[in-house]
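The same subunit A turns up in both complexes below, where it pairs with subunit B and then with subunit C.
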Partner chain A sequence: MKKFKRPLTYLFLSIATLISIYPFFWMIVSMTNESVDVTQGRQLPGTHLFENLSKLFDQVDMVTALTNSAIIAIASTFLTLLIASLAGYGFQMYRSKGKDIVFNILLLSMMIPFASIMVPLYRLFGKISQTAPFLGIDTLTAAFLPTITTAFFIFFFKQNTKMFPKDLIEAGRIDGLSEIGIFFRIYVPTMKTTYAAAAIIAFMNSWNNFLWPLVVLQSPDKQTIPLLISNLGSSYAPDYGMIMSAITIATLPTALVFFFMQKHFVAGMMGSVKG
Partner chain B sequence: MKQLMKKNNIGWLFIIVSVIAIGMFYFYPMFDALLLSFQSGMGANLEYVGFGNWSRLFNDPTFIQALINTTTYLMVQVPIMIVLALFFSVLLNDETLKFRGFFRTAIFLPAVTSLVAYSVIFKYMFSGDGIVNQLLINLNLIDVPIAFLSDGFWAKIVIIVAITWRWTGYNMIFYLSALQNIDKSIYEAARIDGASSFQQFLKITVPMLKPIILFTTITSTIGTLQIFDEVVNITNGGPGNSTISISQYIYDLSFKYTPNFGYAATVSYVIVILVIILSVIQFKVAGDKE
Partner chain C sequence: MKKVLGVLVTLLLLITLAACGGSEDEDTSGDNGGEGTESDGPTEVTAWAWDPNFNIRALELAEEAYDGETELDLEIIENAQDDIVQRLNTGLSSGTTQGMPNIVLIEDYRAQSFLQSYPEAFYPLTDYINPDDFASYKVEATSFDGENYGLPFDSGVTGLYVRTDYLEEAGYTVEDVTDITWSEYIEIGKDVKEATGYNMITMDPNDFGLVRMMLQSAGSWYFEEDGSTPNLEGNPALREAFEVHKAMMEADIVRLHSDWSQFVGGFNSGDVASVPTGNWITPSVKAEESQAGNWAVVPQPRLEVDGGTTASNLGGSSWYVLNTDGKEAAAEFLANTFGSNEEFYTTLVEEIGALGTYTPGTQGEAFEAGDEFFDGQSIIQDFSNWTEEIPPVNYGMHTYAIDDILVVEMQHYLDGRSLDEALSNAQDQAETQLR
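== the complex of A and B ==
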């Protein structure tokens, strides 16, 4: 029985691996081929990589999209980490009945589907546009403002703060640090791995976000990478080689982060369940 | 005592920005959507119409189609994905297995892609002259290419296959880490009692993983109820409206057709109601006492 099961296990896992990896393989191979070859199902690397890339950067405003995506993702990640970790720390270290109630109310927001609030959010930013156009509709700020704190990240930091040694806080107080000083001088440096895990998830969410930027960013020079790829993908005469280059470039940052920081990556993804 | 009060107040300073942001970007819009669902009109010219929007729902064929499609995705895709993820995690939990790390990484890899990027890839793979049809023809499984994207039935299948590809490995990682916490001696005891692998799976693994299965089922349910990126980028709701999802319909109502924010908000409350109902059912089914 056992002898029979082993090969089957390997067979199942190999098939699953093949199906999981094939789209990546096809994406990379197609990036190096001409559009015609891609349609004919060519499975071997070609010689058109540079041609596809130069077409991509000439015909499409790839640089602007990359810059916009990077600005939005970096700003969003930085603010999320700052604001959510302050809150997670506050909820855990200064526990009181009132704060526990507020925390539970904030958690409820995790159940709110984004699709159900996008229309009112759009209206809200419409109102903001009237008084502060630089924050309103069709600005990069509007693309990341709603994501600067989410209950998920507050929860994530609160859970991880449980492992933070309280002695360090007392030591800080004895050294005469202010409460906020303790947070920045002691807590932040000690919790580096927690921040790394959160940063990966926040960056990835922002880099890949599609629906909200689609709603709030309207002019072409505000386009982000997912919007650009979606546009390319819906063209009637797609240039496969060029589009696959765009998709590969879009996937590269998250794939690299995954391969080089696998532990933090998985820790971040699972953050909500532990503890 | 005074010092304690002061500390308590400082504590509020740490959380105040988050409270304002979540209030402003989550709870206020939820409330606004509720008010909007009783209003109608074009763009910003809205007036109260009572339950007009709500009764319109039941006579709106596009909404009913979107509701049916979304629940179809949900009821077919989530169970298949959860079972597959459980299956792979049990296979991979065997410490004597060779290439474990490789298999695990490979199956997880789809989770690093952006929803838009992988959707476009799947769209091309399943197009009329795409790689999947070429493969099926070369294997002599079919004579004529299948109209994957221009046939309502097949288009739904492609979307379900795509979501399953993207999320199975992601869920598997949760099960794998939970499996590592199960005491191996329980399985030893079961083996001595003559339990088959399948019995062990049903009687030990599944009950032990129940909380995490519940968690992943709820997150997947909320995710699939809101499905947007895949539908828009693989089929754009077509052919006809045969693959349109509720989220896409909300988007179309607000930003593609003549904007009707009131009715769009009503449709969006349907998602909220579904999320609540399904979460309650899942908690009840799992019999969680907490």
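== the complex of A and C ==
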């Protein structure tokens, strides 16, 4: 019986791999085909790769969209990590009376779907526009500001901070570090892998974010990649070869970020501090 | 060291904020459209539309054709249709005109829901256009409370695209499929399948476009004339549409698809013998050049109910002006081009094959020219004639909501539930949901 176990495992894993890789395969193959071939479900690589790419870069401003997406994703990842880790650290390490209640309220906020706060949020940014146009509607800042404090990341950091030894903090205090100093010079370096894991998730969320940027960014020169792709598919006769090229390009950054930080990501999910 | 860190963090923060706010100073254009109305420079007008080859191109041509008094600086912003709906809904319901355009394209099926939900947000064009100049079904869809809010644009007039070579193989001519009923269509479909092995039609079970085509061709819709009372249970046209739908499935002449690309793939690959749909599909049909000369367009089949015609509409949209600064300039621009310029409509046909609904602008050589792909048939002229015959109906506020209900009931009906029960269930659901 044992003899069969291994081949069976591999068979199952192979099938699962095939199923999960197939959409990517089709995406890349379609990138090299003409629109007509894509609609007819052609599975073989074609010869239209450069045609599709040049059409794409001719017809739409890919570079601007990529730059906008990158600015938003990087800024939002950086701020999310900074704010969420400070909060998570605070919630876990400091004693305070109403702490648990506040934290529970925060967790409850995870249950509110974004769509339901969108209208008030838009109103808010409309007001901001009147006094500070550089933060208001149709600015890249407005596209990421509402997403930088999420209960999920605060929770994520709080949970991981449980593993962080209090002794290190005590040692820091004895050596005369300020509380902020302890955070930046002891906590941050120790929790590197947690930051890496959070960074991947935050980057992906921001890179793929659609609804809020859609509503708040209107000028073509503020367009992000998901908005651009949504536009490409909007015509009565969409060019699928071109759309697939755009999607492939849009997928690359998240794939790269993941590949480079994969090791940290796994470690981060398991907890930063080895007991 | 501590200080260095602090400075670093502050610097990073500043850089990110600055990078994002960077180009704001010179570029706040989209924000409020025409704030410079009173100044000497051109008035800024922003327009939202979808499809670069069709609507966007039409706007660009309109900008070239514009010869009005007010100097305009038109900024055209391309958005997917669903994205426009989302943006408008968020913007209008938050009561902020910030970031809203001056001109926006809205699909006719959705127009009433916007006009009735946000009556203050739109600027009436009644003084700018003559409604009698436009196809009556289009005026009906774009008006509310006695005012014309929309400037009717493209015709969604339908036709039956047929593969002449397949028909021939089954012993039929183009005349045989002209002016037929849906039951005749099904019979022909069976013969075509037997002779060629190809299905007659490709259909998406979740897209009720075909049913809506049938309904409007008989002058009927999901609602009573008030546009809000659901009219499903006792609606003879809807009943027959359901029956035709089921008969097609049972005759095994239907190829199923689940999205747009498979729909287009269905006729590009030669898998189906006919496509009943809106005239806007023409470019997609012509994309498969190897099929040139094998296609013809005839009027869509009709229902056998009272008032059944062979003219109907699927999709199509119109221009609206938002009640913000710059509305007069925007309205003037539309009236000067889409609203009164006959030559402009000839350009539209010649450049992008866009068929308008402005009656005085539907004559001329461009319309009569034969299309080689359709074996010399003047399809534009044909479509344009059929546009005049489309029965006007009130699309109401909830066309797509009813669609969702009916899609489910159709499945039950196909699975064996009686038609009476399916439609009365649908009626109940509609009444509860839309109260």
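Heads up, the rule we're going with is that the second predicted complex is superposed on the first by the 233 of 275 C-alpha atoms of A that agree within 3 Å, B and C clash if a C-alpha of one lies under 4 Å from a C-alpha of the other, contacts with A are read in each partner's own complex, and residues count from 1 in each chain.
Assume contacts are C-beta pairs under 8 Å (C-beta built on N, C-alpha and C of every residue); 3 or more make two chains touch, one makes a residue touch a chain.
In this text, all values refer to a predicted model and were calculated from it rather than measured experimentally.
When both complexes are overlaid on subunit A, subunit B and subunit C end up clashing with each other. Contacts of A:Pro133 after superposition: subunit C is touched, whereas subunit B is not reached. By the touch criterion defined above, A:Gly90 reaches subunit B but does not reach subunit C.
Contacts of A:Pro220 after superposition on the shared chain: subunit C is touched, whereas subunit B is not. By the document's definition of touching, neither partner reaches A:Pro7: not subunit B, not subunit C. Residue contacts after overlaying the shared chain place A:Tyr240 against subunit B and subunit C alike. Contacts of A:Gly176 after superposition: neither subunit B nor subunit C is touched. Contacts of A:Gln59 after superposition: subunit C is touched, whereas subunit B is not reached. In the superposed model, A:Ala151 lies in contact with subunit B only, and not with subunit C. In the superposed pair of complexes, A:Pro189 makes contact with neither subunit B nor subunit C. Set against each other, subunit B and subunit C differ in how many residues of subunit A they touch, and the higher count belongs to B. In this superposition on chain A, the options for subunit C are 204-212, 222-230, 312-320 or 330-338, and subunit B clashes with just 204-212.
Within subunit A, the residues touched by subunit B in the first complex and by subunit C in the second are 39, 41, 118-120, 122-123, 126, 180, 211, 214-215, 230, 233-234, 238, 240.
Residues 35-36, 38-41, 59, 71-72, 74-75, 78-79, 82, 118-120, 122-123, 125-126, 129-130, 133-141, 144, 178, 180-181, 184-185, 211, 214-216, 218-221, 227, 230-231, 233-238, 240 of subunit A touch subunit C in their complex.
Those residues of subunit B whose C-beta lies close enough to touch subunit A in the complex are 7-8, 10-15, 17-19, 21-22, 24-30, 32-33, 36, 44, 87-88, 91-92, 94, 97, 102-103, 105-107, 109-125, 129, 131, 134, 165, 169-170, 173-174, 177, 197, 212, 215, 222, 225-226, 228-229, 232-233, 236, 246-247, 250-251, 254-255, 261, 264-265, 268-269, 271-272, 275-276, 279. Every residue of subunit A that touches subunit B in the complex is listed here, in rising order: 5, 9, 12-13, 16-17, 19-21, 23-24, 26-27, 39, 41, 83-84, 86-87, 89-91, 93-96, 99, 102, 106, 109, 111-124, 126, 145-146, 148-151, 154, 179-180, 183, 204, 207-208, 210-211, 214-215, 225-226, 229-230, 232-234, 238, 240, 243, 247, 250-251, 254-255, 258, 262, 266, 269-270, 273. Across the complex, subunit A is touched by residues 1-2, 5-6, 9, 12-13, 16-17, 19-21, 23-25, 27-31, 50-54, 77-83, 86-87, 90-91, 93-96, 98-99, 101, 260-262, 264-265, 268-269, 280-281, 283-284, 287-288 of subunit C.
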